[in-house]
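Here it is, the structure in full.
Naming follows writing order (A, B, C, D, E and F), and every chain is counted from residue 1.
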Amino acid sequence: MSPAVALRKLVTIVCEADMESTLLPELARVGARGYTITEARGQGARGVRDGAWRASSNIRIEVLCDAQVAGDLVDMLQARYYADYGMVVFVVDAAVLRPAKF
Amino acid sequence: MSPAVALRKLVTIVCEADMESTLLPELARVGARGYTITEARGQGARGVRDGAWRASSNIRIEVLCDAQVAGDLVDMLQARYYADYGMVVFVVDAAVLRPAKF
Amino acid sequence: MSPAVALRKLVTIVCEADMESTLLPELARVGARGYTITEARGQGARGVRDGAWRASSNIRIEVLCDAQVAGDLVDMLQARYYADYGMVVFVVDAAVLRPAKF
Amino acid sequence: MSFEPVILFFMLGLLAGVVRSDLKIPGVVYEALSIFLLLAIGMKGGVELARHSVLDLALPAAVVVGTALLIPLAAFQVLRVVGRLSRPDAASIAAHYGSVSVVTFAVASSYLASRALPADGYMTVFLALLELPALLVGVFLARRGQGGVRWKALLHEVLAGKSIVLLAGGLLIGWLAGPQGIQPLDRVFFDLFKGMLAFFLLEMGLVAAGRLADLRRAGPFLLVFAIGTPICAGLLGLLTARLLDFSVGNSVLLATLYASSSYIAAPAAMRIAVPEANPALSIGASLGVTFPFNLIAGIPLYHWLATHLKGVFA
Amino acid sequence: MSFEPVILFFMLGLLAGVVRSDLKIPGVVYEALSIFLLLAIGMKGGVELARHSVLDLALPAAVVVGTALLIPLAAFQVLRVVGRLSRPDAASIAAHYGSVSVVTFAVASSYLASRALPADGYMTVFLALLELPALLVGVFLARRGQGGVRWKALLHEVLAGKSIVLLAGGLLIGWLAGPQGIQPLDRVFFDLFKGMLAFFLLEMGLVAAGRLADLRRAGPFLLVFAIGTPICAGLLGLLTARLLDFSVGNSVLLATLYASSSYIAAPAAMRIAVPEANPALSIGASLGVTFPFNLIAGIPLYHWLATHLKGVFA
Amino acid sequence: MSFEPVILFFMLGLLAGVVRSDLKIPGVVYEALSIFLLLAIGMKGGVELARHSVLDLALPAAVVVGTALLIPLAAFQVLRVVGRLSRPDAASIAAHYGSVSVVTFAVASSYLASRALPADGYMTVFLALLELPALLVGVFLARRGQGGVRWKALLHEVLAGKSIVLLAGGLLIGWLAGPQGIQPLDRVFFDLFKGMLAFFLLEMGLVAAGRLADLRRAGPFLLVFAIGTPICAGLLGLLTARLLDFSVGNSVLLATLYASSSYIAAPAAMRIAVPEANPALSIGASLGVTFPFNLIAGIPLYHWLATHLKGVFA
């Protein structure tokens, strides 16, 4: 692949749709420069969330960032939101173009 | 990253939307404790699925689980559904918080 | 996991929804045999894209392919589209069933 | 021949699909419109039903369901013997043609209305009754001698499927509320019906355009089948109507029901119960050929035949 | 008892949910319908408001908002002391019951209309005014002595929330445009109202069916609470109406407002302001029990009480 | 000045966007409403067209398309020379202003209707004809002397684009079906038109609010351009109307077409054909300034001018 490729972290957060307005400023605060959101539904420890109305819909947020920001992001979510909200977070290594962007 | 992080498998299944009611119980049967679904469309060996109506829509199911469940899940899909349905399955390593959850 | 599993690349492209009709033929041209699309919104260097209308919506395209096609795909996107469009591309290793398919 | 204007919307959709327009009607709008149409058709039927004794319908219903079962059985033989299709494919296609199309029925009703030909509201009951049995027959044909059918799951799939729930639910609501009770809802469910049908047909045109390619791959036999079957089934419907001494309007509706093929309930049910069947064949034939054929040529043909058969038999 | 036909749609949705039908109304349709209903209710109120002096409403509004605040305060005590719920859960549920349900109000209006019982359009103003205060009380109860509430963010969340924006915006548009100005929009906002409400109730039935399971887990106390609270709150509403010398129609509407519990604004606001509260409890009680109770039994009950209390007091 | 009430919905949307309300109209609803409006406008025009000879329109159409081409050419010069914008940006913005806005046209029609000012249905034909040419001019200006334009792909993009397909398709359906044939569809396509337009404007207000920020970054030149251009283009439209001896109603509509700038077809076409152009500039100016300007001040201004110019020339 082209020389401009470098490894970064892809952090994916699946959470309640109602958290969007709360979480987005937090992402910026820990240093994320962007995000991508898709609408989702699912099931987990807190039961089925079928997307029939906003209160039972999920969103799936993806953040590409460096390892430092990824760590801070995960720690922040753990410290402030994990206890009270239906939420799943996972981190994957991803090769990106224009690494300076993330 | 925080010490509570551990490696798990992220299994992603892209398949016909009509399979949802059939597949979800199967996931639980092989031991998956949750899943996330997003609506999708696409193209593959069976042609274009443009999402214009249910019969040509796909869904994208993500399951976070341990390697054992991931293996069973993939084997089950292979054995029972691969021959007859438009379906793509791939598995990625993911670092998760609260690993006991998956 | 079953012996039919092999490693491939998962290329994910997040870009403006209006690019869909332009990009899909390009994917085929570099040798991709399929793709999966989900509707998305997000934020990046070019500002917020909130999905309120087509002109501010994103799509998220996933392509499973071998390393060769992945490299060509990323190079093509870099050469022809990166300068002018809001776009993020990342590549992840994925274990797939039926590797001959990709 | 004077055109049903709603059909023009189907043609516009077809054209847009063929010239690869970027016109796309979101899948969600398709869902919402189909819910509206099913409910509205059910309610219209239910309101009319309130004017009749339900018991009077029992015998005609039995006759209609019984003769309609000949359609999937005969279609299966033709598909196997003449078309040399695999057992699952033949069974799945037979199920589609044995079942019914709600939208074709709606277009036929609106065809009759614009010609001031009266038809009875309780015909909707036959619509609801004819959806399920052919699907069961299809699964039975696919699985004969094999076992392994999860009949309970299948029955649940169809009986709790959205088309039966909405049609039967609408019938019940219309029947319970009666004309007076429904009246404040008329503005939505009745006045808007034809416009909504026009939109839905625009969308069906777009979808059908995509199915034509599938069909082209399938060869000429299926094409002939997809036009011959509605004509034969329509004739069977007219004979049954004659037997039951139906009016011309009711006869046209019954012929249309027999001639129409399903593309809402059947594809989903077959995909689950007969997964080896290739949906491109059944949906390509049903939606790509039979649906437009019925809309454009079939309904006027059944009308013409109903008028003339009346004379022959009388 | 003669049935409001729109309620039949709620029951159909409930039934479809209980038999696990594949009938699903896309979330987007839910959003679109709720926007329509909020705007239309606001506009209807605004047009009527143009016929009154706004100042005349100031005193009744103060009384109504004041007495309505007793509901969350009393509910909180009951939930804490009798129900032994945690402080956040008790506060969140209290906020839901102190706030109001727009759809319950709409069904009550349509109940009155089909009985030709007059009610004043400005009742919508109370609807808009009653949504917010109970939410603030709920957050206050949850956080008392703890600090750390971002009141500004919360106020923004609710005041700029879609239900207030659409209700108040609709009121303003109706008021500015007046009956003549609105008239070309009547075909959509007034004529279609009841049919759209029917659709929305179908959807609410599906959603409520899913909530019933949540509630079953919560035990019998919450069930009793979810039926007892609307009755008590409804009585408080009737007393307040009596105090303000309201007509029977207005009294029924006020009682319904007091008795109704929120499931649009409250869940979102509580999720953000009191995240430790379990939404399964508040939504399960509010949507799974109180909403259907008010629709089916509550509104006729408040009507009956309004008619008879009138006699008692007079 | 008496207000078109539909404009209040635009303002409500704008306000909701500015106060960062959580009110969001799903993108799917935007799509569905725009399909409805395009089809309905086309059909209305087609029905009226049936009353005229199409040939009579050929000459005026040529004149209208010809003079309207001056708009993108002049705008390009101004943007290059005065605004010092890059060639692609200037070309893309010029294309937006040379093309037309369907919703602005609809608001002008409804403005005339509520003032009982007659206008001819065939004006819709000009709407359909004016969309495309300016887009071609824009691409030509961007690429002059460079080559590399895929004209075939571009023509297909626009001609098979949803706005042309639906407008032209609606015109054809209305023309083929005629007033009687369309009549059963009136309840949806004509009666609901204004209410649907109101909803769409609510959504446009939300979208426009988001664009204002883009524009602020672009500096004062573009702001002046976005208000000056519609005034000049509107005057050109009035002169053309005078030349063609149009009625006052038709003159207002033509001026509005000239003055309006595209934000459905143009953004998508420019994004593909002139990707180096920054869409924040063209959409910010077109949707953030010119669209609201035309709605609130432009249309009444063109009306006033049309009435007075009539006197001047006569």
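The rule is short, and it goes like this: contacts are C-beta pairs under 8 Å (C-beta built on N, C-alpha and C of every residue); 3 or more make two chains touch, one makes a residue touch a chain.
The structure presented is a predicted model; accordingly, all values stated were derived computationally and were not measured.
Asker: Please identify each chain that touches chain A as well as chain C.
Answerer: Both chain A and chain C are touched by B, going by the contact rule given at the top.
Asker: For chain C and chain F, what's the span in angstrom between their mean Cα positions?
Answerer: Using C-alpha averages as centres, the distance is 34 Å.
Asker: Provide the C-alpha centroid distance between chain D and chain F, rounded to the nearest whole angstrom.
Answerer: Comparing mean C-alpha positions, chain F is 41 Å from chain D.
Asker: How many Å are there between the centre of chain B and the centre of chain C, using C-alpha atoms for each centre?
Answerer: 19
Asker: Mind pulling the residue numbers of chain F that touch at least two other chains?
Answerer: Only 22, 24-25, 28, 31, 157, 192, 268 qualify.
Asker: Could you pull out the residues of chain B that touch at least 2 other chains?
Answerer: Residues 21, 38-39, 92 of chain B touch two or more partner chains.
Asker: Please list each pair of chains that are touching.
Answerer: The complete list of chain pairs in contact reads A-B, A-C, A-E, B-C, B-D, C-F, D-E, D-F, E-F.
Asker: Residue numbers of chain F touching chain D in their complex, please.
Answerer: 28, 31-32, 35-36, 39, 156-157, 160-162, 165-166, 169, 172-173, 176-177, 181-182, 184-185, 187-189, 192, 268
Asker: Using the touch rule from the top, collect the residues of chain C that touch chain F in their complex.
Answerer: Against chain F, chain C makes touches at 16, 18-19, 21-22, 39, 46-48, 50-57, 81, 83-85.
Asker: Would you pull the chain D residues touching chain F in the complex into a rising list?
Answerer: Touching chain F from chain D are residues 3, 5-6, 8-9, 12, 15-16, 19-26, 28-29, 110, 113-114, 191-192, 194-196, 198-199, 202.
Asker: Please output the residues of chain F touching chain C within their complex, sorted ascending.
Answerer: Against chain C, chain F makes touches at 24-25, 27, 30-31, 157, 203, 206-207, 210, 214, 263, 267-268, 271-272, 275-276, 279-280, 283.
Asker: Spell out the residues on chain C that touch chain B in their complex, using ranges where they run on.
Answerer: Those in contact with chain B are residues 1-2, 4-5, 8, 10, 24, 33-39, 62, 64, 92-98, 101.
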